[in-house]
Amino acid sequence: MAGFDKRVTSYEEAMEGIDSGMTVIAGGFGLCGIPENLIAEIKRRGVKDLTVYSNNCGVDGFGLGLLLEDKQISRFYASYVGENALFERQMLDEEIEVILTPQGTLAEKMRAGGAGIPAFYTATGYGTPIGEGKEVREFNGRHYILEESVVGDFAIVKGWKADRYGNVVYRDTAQNFNPMAATAGRITVVEVEEIVEPGELKPDQIHTPGIYVDRLIQGTFEKRIEKRTVHQG
Amino acid sequence: MALTREQMAMRVARELEDGFYVNLGIGIPTLVANYIPDGIDVMLQSENGLLGMGRFPTEEELDPDMINAGKQTVTARPGAAIFSSAESFAMIRGGHVDLTVLGAFEVDQNGNIASWMVPGKLIKGMGGAMDLVAGAENIICIMTHASKHGESKLLERCNLPLTGAGCINRVLTDLAYLEIKDGAFHLKERAPGVSVEEIKTLTAGKLVVPDQVPEMTFEA
Amino acid sequence: MAGFDKRVTSYEEAMEGIDSGMTVIAGGFGLCGIPENLIAEIKRRGVKDLTVYSNNCGVDGFGLGLLLEDKQISRFYASYVGENALFERQMLDEEIEVILTPQGTLAEKMRAGGAGIPAFYTATGYGTPIGEGKEVREFNGRHYILEESVVGDFAIVKGWKADRYGNVVYRDTAQNFNPMAATAGRITVVEVEEIVEPGELKPDQIHTPGIYVDRLIQGTFEKRIEKRTVHQG
Amino acid sequence: MALTREQMAMRVARELEDGFYVNLGIGIPTLVANYIPDGIDVMLQSENGLLGMGRFPTEEELDPDMINAGKQTVTARPGAAIFSSAESFAMIRGGHVDLTVLGAFEVDQNGNIASWMVPGKLIKGMGGAMDLVAGAENIICIMTHASKHGESKLLERCNLPLTGAGCINRVLTDLAYLEIKDGAFHLKERAPGVSVEEIKTLTAGKLVVPDQVPEMTFEA
């Protein structure tokens, strides 16, 4: 009965099938809760022309920033790109197309994609460049724009603990975009710090039910801190 | 005298009410948390998924899984809740946050705000700001009244790409506290020692000045 | 510092302000996870002409079924009304207007209402009577209908445990519609089995963050079982 | 001989594959869970918010907070997940459930299904059925082939209000197992002792009959 055992034994196996030209949805916020090793495996494979949806593009030399070094990303949907010099240069040189997307809209695009909702209305971005070319509609006297959802060929996700069925829990603010990303991949790959026995996670406390997860791997993580800030006094 | 960054934060902190859920943007807005008046309690929302943000951690408490929307390491206060980005923006977009305080490059007399992009110069992205201004009923902008070159940032109409349209109702600058309504800035208070004339000169948008414009006071 | 203490001391106080003609969103599925005592208080107050959104209308004499006895509900959005003879009679006699709504659409209407999304597209109901009169749009070659979200004057919710800040966790399948209902009330009232100290609930395991909750009360519950089914052998 | 309820469940259970997430509707579909073949594992989804539904509870295990979509008390198997209705229908609407098995009043040759309402007679509501048929790629209808009065339920076009349009691809009746494609019912198997002629007579919709129609077999 191997049917629900989502574990794979290598990162190579975890990212099997990823190819140039594909769309990848990545969890993480800044360097927090990012699928470090899955990103590294994408870099190792050298696939190109990726479309990536993620809140940020990491920093130079870490996180999704690694994929910039060999110009593997040609299109990027993000809400914030301020921490990455290489990204900014590739953007200004038009080597990478950046579609800046409000953070809440980006999260909702993933959530809706996974939930079978092809489009939704939001007031976010109405009357701004983000709303240009998008349908505007009034509900109860307010203007909203239509935003379409996204489904990726792959979703790459960082969890804290999971059982082999792919039920995942996230830790603290490392949750961020990961649960939505997990729902929005045709193939969803999750890497976690620990794989536990089925039943160890309380059923009503699971963040990502295993039905969304195709492949699961336990890894070790650097968990780099982007802005180390400590209490004064 | 123009207000210091700390004084700006202090002044805005007086707008906090007991029981407010508040989102503080990056920069000066973050400092507001240091001046919460005695006897009132506010709960800070950080849009990466934390309600009830606490102080910065000690060296021992440092945890890469605990950050705020500015990517700084933080702690959670007892009774905090932590959730996904979709849930966080459900709160924001759904109007559940009581007060949003954020910075801006420009604000205009119709409540438009520009804060995320200077074409050809600066493209960092809007992060959560567009959702915040679209979702909140109650927004205070903190900004300098004019650029270093003396160009007003309180305009008839924003020049830079907008973050949100018709959404800002209060502005605190280093010179004044103003409300925006009926297509004009309404001068409410001025910084200590700053004249109404000076504020008039540095406000490009329509400015309504009442007979009395009280001076802000700050304890030493 | 009473600002975030959501506790009220009586059910009367909990439902203060509810009035005839209002819209009420109620959590629960069948008789599971229903706000028993908040419903009883609405009955006691005798307010009429309510519009109610809830998956079911309870059963005769229990749950929301109680509000039928004095004809307090004039409009009901539900996905299933099969367990309630009084309801069926009032529906056939046109004493109550019933808008049958697919279960997933009902859940999403509440979730979207709470999340500031005024409308979304779904394939559910396309080509059926549910889709009649609704806008149809094609995305990626498939047909979808436009559904609008809902916000209620009151939301009534049954949780398991909560702290006084209104952070709530639900127990097992008593979760159902409760978390969405909690987000969609102008005034959200939650009754729970136990109020615990702030900090006792793990922050990343809270189902309903306190920001959605206006009033909180600890109650005792009958928790009636609708279809008691036990293992044979 | 028409199939019994149990045989219908047994036959459908053969369509299960190892690792399938399956939603079983109320009635005969629920019985499918009793005949899951050896060596394969399926995870049952109950749309009130339970993935990994287990057997019914013992008297000691009875818990009013643990029910299935049919409102019966149930248990959860180890490794189950429990979640909100919005999450449950995100799974369903988003096409994450591998197989849906549900009952119907009528099915037609274009894959339309009617299962929730008989105007003027029966209005129980659609529950989760409309979401299930809209979200699933892979749906099996279980139903009797004809009414007690001999009226076919496999039609050219459904008479009753639809639950979903063009969504059903397989039907198991008490007489036959059929696939729906290209605007016709394709007869795949017949119940033991039931003739092709009998099935033809009781099928009002377009029926495609291959040269060989194997008889189903059931172990005693």
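Letters A, B, C and D mark the chains in the order given here, with residues in each chain numbered from 1 onward.
Here is the rule we use: contacts are C-beta pairs under 8 Å (C-beta built on N, C-alpha and C of every residue); 3 or more make two chains touch, one makes a residue touch a chain.
Quick caveat: nothing in here was measured; it's all calculated off a predicted structure.
The set of chains touching chain A and also touching chain B is given as C.
Between A-D and C-D, more C-beta contact pairs are found at C-D. Remark: chain A and chain C have CA centroids separated by 32 Å (rounded to whole angstrom).
Taking the mean of the C-alpha atoms as each chain's centre, chain A and chain D sit 36 Å apart.
Note on chain placement: the centre of chain C and the centre of chain D lie 29 Å apart, centres being C-alpha means. Between the CA-based centres of chain B and chain D the separation comes to 56 Å, rounded to the whole angstrom. Among the residues of chain D, those touching two or more other chains are numbered 50, 76, 82-83, 89, 92-93, 134-135. The set of chain A residues touching two or more other chains comprises 108, 111, 115-117, 122-123, 171-172, 175, 203-204. Of all possible chain pairs, the ones that touch are A-B, A-C, A-D, B-C, C-D. Taken together, the chain B residues at the contact with chain A in this complex read 46-50, 55-59, 61-68, 70-74, 76, 82-86, 88-89, 92-93, 112, 117, 123-131, 134-135, 161-166. Listing the residues of chain B that touch chain C in their complex gives 17-21, 39-43, 45, 50-52, 76, 78-83, 87, 89-97, 134-135. Contacts from chain C toward chain B in the complex involve residues 1-4, 111, 113-117, 163-165, 167, 183, 198-199, 203-204, 206, 209-212. Looking at the complex, you find that chain A touches chain C at residues 108, 112, 115-123, 137, 139-140, 142, 144, 148, 169-172, 175, 203-205. Within the complex, the chain A residues that touch chain B are 29-33, 55, 78-83, 88, 91, 98, 100, 102-108, 110-111, 122-130, 160, 171-180, 207, 223-232.
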